[in-house]
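A, B and C are the chain letters, set down in written order, and residue numbers restart from 1 in every chain.
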Amino acid sequence: MKLELRGITKRFGSLVANDQIDLVIQPGEIRALLGENGAGKTTLMNVLYGLMQPDEGEILLDDKPVAIHSPRDAIRAKIGMVHQHFMLVPVFTVAENVTLGSEPVRKGPLGLPSFGLLDRRKARREVLALSERFGLRVDPDAPVEELPVGVQQRVEIIKALLRDAQVLVLDEPTAVLTPHETEDLFRIMRELREGGRSIIFISHKLKEVQAIADTITVIRRGKVVGERPPATSSTELASLMVGRSVQLRVSKEPAKPGDVVLDVQDLTVAGERGERSVRGVSFQVRAGEILGMAGVQGNGQTELCEALMGLRPSTGSVLLNGTDLSHSPTRVRLHAGIGYVPEDRSEDGLVADFSVADNLILDLYDQPPYASGIALNLDTIRESAVRQVEEYDVRTTSVETPAGTLSGGNQQKVVVAREMGRDVKLLLVSQPTRGLDVGSIEFVHKRLVAQRDAGAAVLIVSSELDEIYALADRIAVMYEGRIVAFRPPTISEQELGLLMAGSDPAGFTAPDPAGSTLPTGSTAPDSGGAPETPAPAQEPSSHE
Amino acid sequence: MSDQDEAEPSAAPYVPTATTTAQDTGAPGPDQPGGRQPLTGNAIIKAVTEGHSVVITILAGFVALLVGAVLIVASDPVVLRAWNSFGYAPGTAFSATWSSVAAAYSALFEGAIFSPGTISAAFHGGSIAAIFYPLSLTAFEATPLILTGLSVAVCFRAGMFNIGAAGQWIGGALVATWLGYAVNLPIVLHAVVCVIGAFAGGAVIGWIVGEIKARTGAHEVILTIMLNYVMYNFLAFALSSQSLMQAPGQTNAVAPSIDGNATLPHVGGPPPQVGVGFLIALAAAAGTAWLLSRSTLGFEFRAVGASPSAARSAGIRVERVWVLAFLIAGGLAGLSASTIVQGQTAPLTTTSYGTYGFDGITVALLGRARPLGVVLAGLLFGALNAGGTVMEAATGVPSDVTNVIEALIVLFVAAPPLIRLLFRLRSTSGAGPQAVTSKGWSG
Amino acid sequence: MTATLDVPAPVRAPVSVTRRYLAAGTFILLGLIDIFVFGLFAHRGDAVFALSLPGATPKLPGIHVPGALTAYLLGAISIGLGILRALVDLPRWGKRLTIAIALLCFLLALLAWADAGSSVGPLQVIDLLQGTLTASIPLVLGALAGLMCERSGVINIAIEGQLLTGAFTAAAVASATGGVWLGLIGGSLTGGLVGLILAIFAITFLVDQIIVGVVLDVIALGLTNYLYDRVMVPYANTFNTGNTFGTLKIPVLGNIPIIGPVFFDANVFLYITYALILIIQIALFRTRWGLRVRAVGEHPVAADTVGIRVLWTRYRNVILGGLIAGIGGAYLTVGSVGFFTSNISSGFGYIALAAMIFGRWTPLGSVAAALLFGFSYQLQTELSVLRVPVSSFILLMAPYVATIIAVAGLVGRVRPPAADGKPYVKA
């Protein structure tokens, strides 16, 4: 089925999210939509899928215009979509989720109506059939909320295939997958392509797009700025994406680590459902160094951060400059000198309805000079806010504006300004640049390095390998609740990817070589033997 | 009724993708088009406190009065008969309708604000003070409503629904009454002690709710409703037992009258006067305003109300806030009881709590959970109540119609899109209907 | 090559410590009360449980048990259960069973104490059970109404208002037309109308649902009071004549001893309630319709993307819920006392809400909770007949205190439908 988007334009008030976008996709093609966060890729796909209506333009299937006013129309037009945030009902089983909207019903006895009684067995059969055919292993009766993210994604794909999708849109599917799972997804995509289906693959990751796409369409600020073959160089693609030549690495001085600031021993944390998310983790961070905690999301990093901040109960010990904070409440830890940039800035980092000024004192509101006794010093709060907004280049009309109205990048700047504006000995930042535009990413990275150089210890948790490589002086890899390895940042991506996927058998509960010299190369101790030979890769993985 | 084996996770906050994707277009500029805000923040707060134009309030009032007029007319036998003979005397139908409504509403106005008769009487040597009598009645009626309104408003700002103002009111009433008759103190001191006791009594009841919520996560809507019923029955129980609080020698469920020293006087010479209770209400409003906007505790309240998770991550002890908010709210409701129990001569009965608790909710909603708004809303409702009694006496229209009008005002004020629809106003920025989410039952 | 993903089975942490000991502690406490209050303070003599209504045929013999001893025994059972709970991690059905047994022991001990050596007479068990069932009817119907709304994602606090207006309309229509069935239908439609208003304000105008509910309750109270004073009182012969339904005994089933008179000899409202419980339980969990409703209540965006009409589903469910609540309201007048009086629903709507939450948003669960409430109302009447030396007000407090304890202790955090209370806004 040939898909054409002609002149698609979509505005949100004064913001033009899609600007006269033309796109032609032939059957049996994998097309990548490449662009940074906020470029308009998801908006375009939402238009295609009927979740939004374009202000101008039309959609044609096999050269015939189609009207897509709702997802129902899109499904009928055999367009399927796997969203970035899954469209799965957590409490339902896999089979229920897959068949929702097209549920098989039992026929009543002797031809009488059965009033829509569900035929669970048939649903199960249908799911298993698709699962077999495409090699997407799932258990039809498992409640979706108990499944790991990679499996949930498979459920989403099966859901689209059940409705005979000929065009499948995958929106940032690899954000939550290990490199191994990503390979698996690519295999599935190729198989679907062999069957004559087209796939639109949305991503902001250069390497993946180069690995899998037949053609890459680059979108920037709502416009198509170029179509390139996958062999195009990364630099060219990155420039197209961003519009200027981009430094792909932050330049930084080598680290000069001092004394141990954070000492974590045998930390164990229980997760949401009582399972042990963090299992006996031990590590240290020194003043003046950045420790990068790498790992795919969902391996305990979130719980680790929360436990370090006292937001989640844990066993084991947490020492900050010798002070035992293992059982201290959050407030004590903050006042002891930990700066915390949480993973979910809009939920945990900021109060959206509070002004920028109020957000800047969110953890200091009862301390002088912002308060005298029980009364707030509103003038001081305001003046301080004005200063910080200036210093951190937060784009806002005033310090009284609600923080929720700021863009993602500026919101993060507020959080960063708040945490770095205090006298902190340890900075704990989790996924600090998720969803940010390139300019903001650069800003945040520079500030983190500056803090390091000023003597703070920095622990950064990130699932973006680029970020880890850019910032970390040492890398720790987390997998299934344990730190499986400590490596220098000179480690190859292939090896790091394997470690993140748990393929290093020698590496469980590696002791932290923090006491040793830094990874300028030679004596970085290794906890176990060399990593095993990587599984046969289908494609060359690195292009840098 | 079953036990929870595994700690079931509370439902994750739900974020519809449609608006999330718009948020991803984050790079350009700070001004987000209306409705594109990320779905965070507690929207009970938003729904209640979002600034809305004065125009909307006035129009809402107008529509509510209109509906009230329909009610009055539709149940007036004279008017109905006139409409029955609409065919040959249309003029009569209209004039009957008009006079019915006019009579009712003018009685309402005269009872609440002022009566032109007193003005002309004053010119002819009558008392000037009589002009202000309706206003003082309004203030008198408004007093307990302002206080229960504040009680509900404080909890709203902290993100919780206090439906238990009635039960907290009873707690305060019991303590104030008991202190009123069981203890003997000199004149001013006695009243003060009773007022403080009322605050404490209400605060204890409120504290129970806050403490249970903090320790177990139970939802305050159910807790407060249940506690209300417990207190209704406890009040009846206490007043039916001679060994407890039943007036000696009485078979009815009444408490003894409180000592004269404990009553709250009126100030300003012969009637009309402003009751001290009204001054207490105003003082409480000022205090609440200061607490919420200028104190560190108020900052915590607002942070927890707007985003408990962000507050927690910033080190604020959310559970402590819940307890304190309910404590203060309960105390305010107790103060409301004190102004009634000590402000009038009738002793405490099993129905003394009236509708103050629930009315507090509507007052708080109308006042957008801001102390000044609560005062104004309380005065408006006080006016309607005061006028309603006079209206019923003068025209026979039951004063319940004012309750309906009050509730309708709140409903229409809370639904700006409806008002705009009715009056075809163009959408203004501010109280947008978009992205108003509620946190539902999960705490 | 097919990828497999080996995820280690999550290690189930043992029951949260506080909750387990809370349950065990509660049972032990109940057992101690059984022994030291009901046992020790029981009058000498037997408690008699009369199993047939006076004058019924055939007449079953009553059960005679020594009052104090029974209480001791039941207390021991309860304490035993408490110890069991503290030591053993039971499966979910086991936990529910222990709660039911402990409660039963407590209630039986209470009854034994109340009637031990009583001069007034035996305990009328049939009366008690019959009364429990009928007292629970408005609660069950209210809870079912709440369920229908909340399972699709709309909070309905206006159940109280629906009951009240339903009761009013039913009485007025039945009196004016002389037909009780018309009254029932009128009451139901009124409830549906209130539901429609709730739906419009909550779903289309996006007003906070709790606010709309509370306001509708206030309006309902004011409106019914107004109309009662203005119309019903002066024209009582037309509008408030107090007609009621007669009882209908089901053949065969109605003659079974004990069960018959309790379950199968009542007016049509009980039978309607049975039907609704069954229909909704099956519909919600076993049909396509129910799956879609629940999807809308849990994850409306997901439902929308597969083509389910979210807003329409919510509207429909809220109105249906209103119709059901209206029937419950009609019960309060034409199904029981006949005459409408001011605030006749007296808070049943809120208790129905509590029953729904208690029952974890399921019909069967809500029924269990509603029965508990109904039982305590009846118990209070029964106990005052037996001249039990406890103030009736204290007894009336009991169900509310029990709810608080249960919501706080044994139930703790409940898990409503995930999108409950959250209006659905499309881009």
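One rule holds in what follows: a residue touches a chain if its C-beta (ideal position, glycine included) is under 8 Å from a C-beta of that chain, and two chains touch if they have at least 3 such contacts.
Keep in mind it's a predicted model, so treat the numbers as computed, not measured.
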{"item": "Most distant chain from chain C by Cα centroid", "value": "A"}
{"item": "Pair joined by the larger number of C-beta contacts - A-C, B-C", "value": "B-C"}
{"item": "Where chain A and chain C are represented by their mean Cα positions, the distance between them in whole Å", "value": "46"}
{"item": "Inter-chain centre distance, chain B versus chain C - centres from mean C-alpha coordinates, in Å", "value": "29"}
{"item": "Two or more partner chains touched - positions in chain A", "value": "46, 51-52, 83, 87, 90, 273-274"}
{"item": "Per-residue multi-chain contacts in chain C, two or more chains", "value": "12-13, 299, 301, 418, 426-427"}
{"item": "Where chain B touches two or more other chains, by residue", "value": "6-7, 9, 12, 17-18, 21-22"}
{"item": "Footprint of chain B on chain A - complex, ascending", "value": "12-15, 17, 36-38, 40, 42-43, 46, 51-52, 83-85, 87, 90, 221, 272-274, 309, 311, 329-335, 340, 342, 346-354, 358, 362-363, 365-366, 371, 374-376, 378, 395-397, 401, 404-410, 435-437, 439"}
{"item": "For the chain B and chain A complex, residues of the former touching the latter", "value": "6-7, 9, 12-13, 15, 17-18, 20-34, 36-38, 40-42, 45-46, 294-297, 299-300, 302-303, 306-307, 309-317"}
{"item": "List of chain C residues in touch with chain B within their complex", "value": "12-13, 15-16, 19-20, 23, 89, 91-92, 95-96, 99, 155, 157, 201, 204-212, 214-219, 221-223, 225-227, 229-231, 299-301, 347, 350, 353-354, 357-360, 365, 368-369, 372, 391, 393-394, 396-397, 400-401, 403-404, 406-427"}
{"item": "List of chain C residues in touch with chain A within their complex", "value": "1-5, 7-8, 10-14, 283, 286-289, 291-292, 294-295, 298-299, 301-308, 418, 426-427"}
{"item": "Chain A residues touching chain C - in the complex, by the definition given at the top", "value": "46, 49, 51-52, 70-72, 75, 81, 83, 86-92, 96-97, 100-103, 105, 115-118, 135, 137, 146, 148, 150-151, 159, 180-181, 184, 187, 270-271, 273-276, 480"}
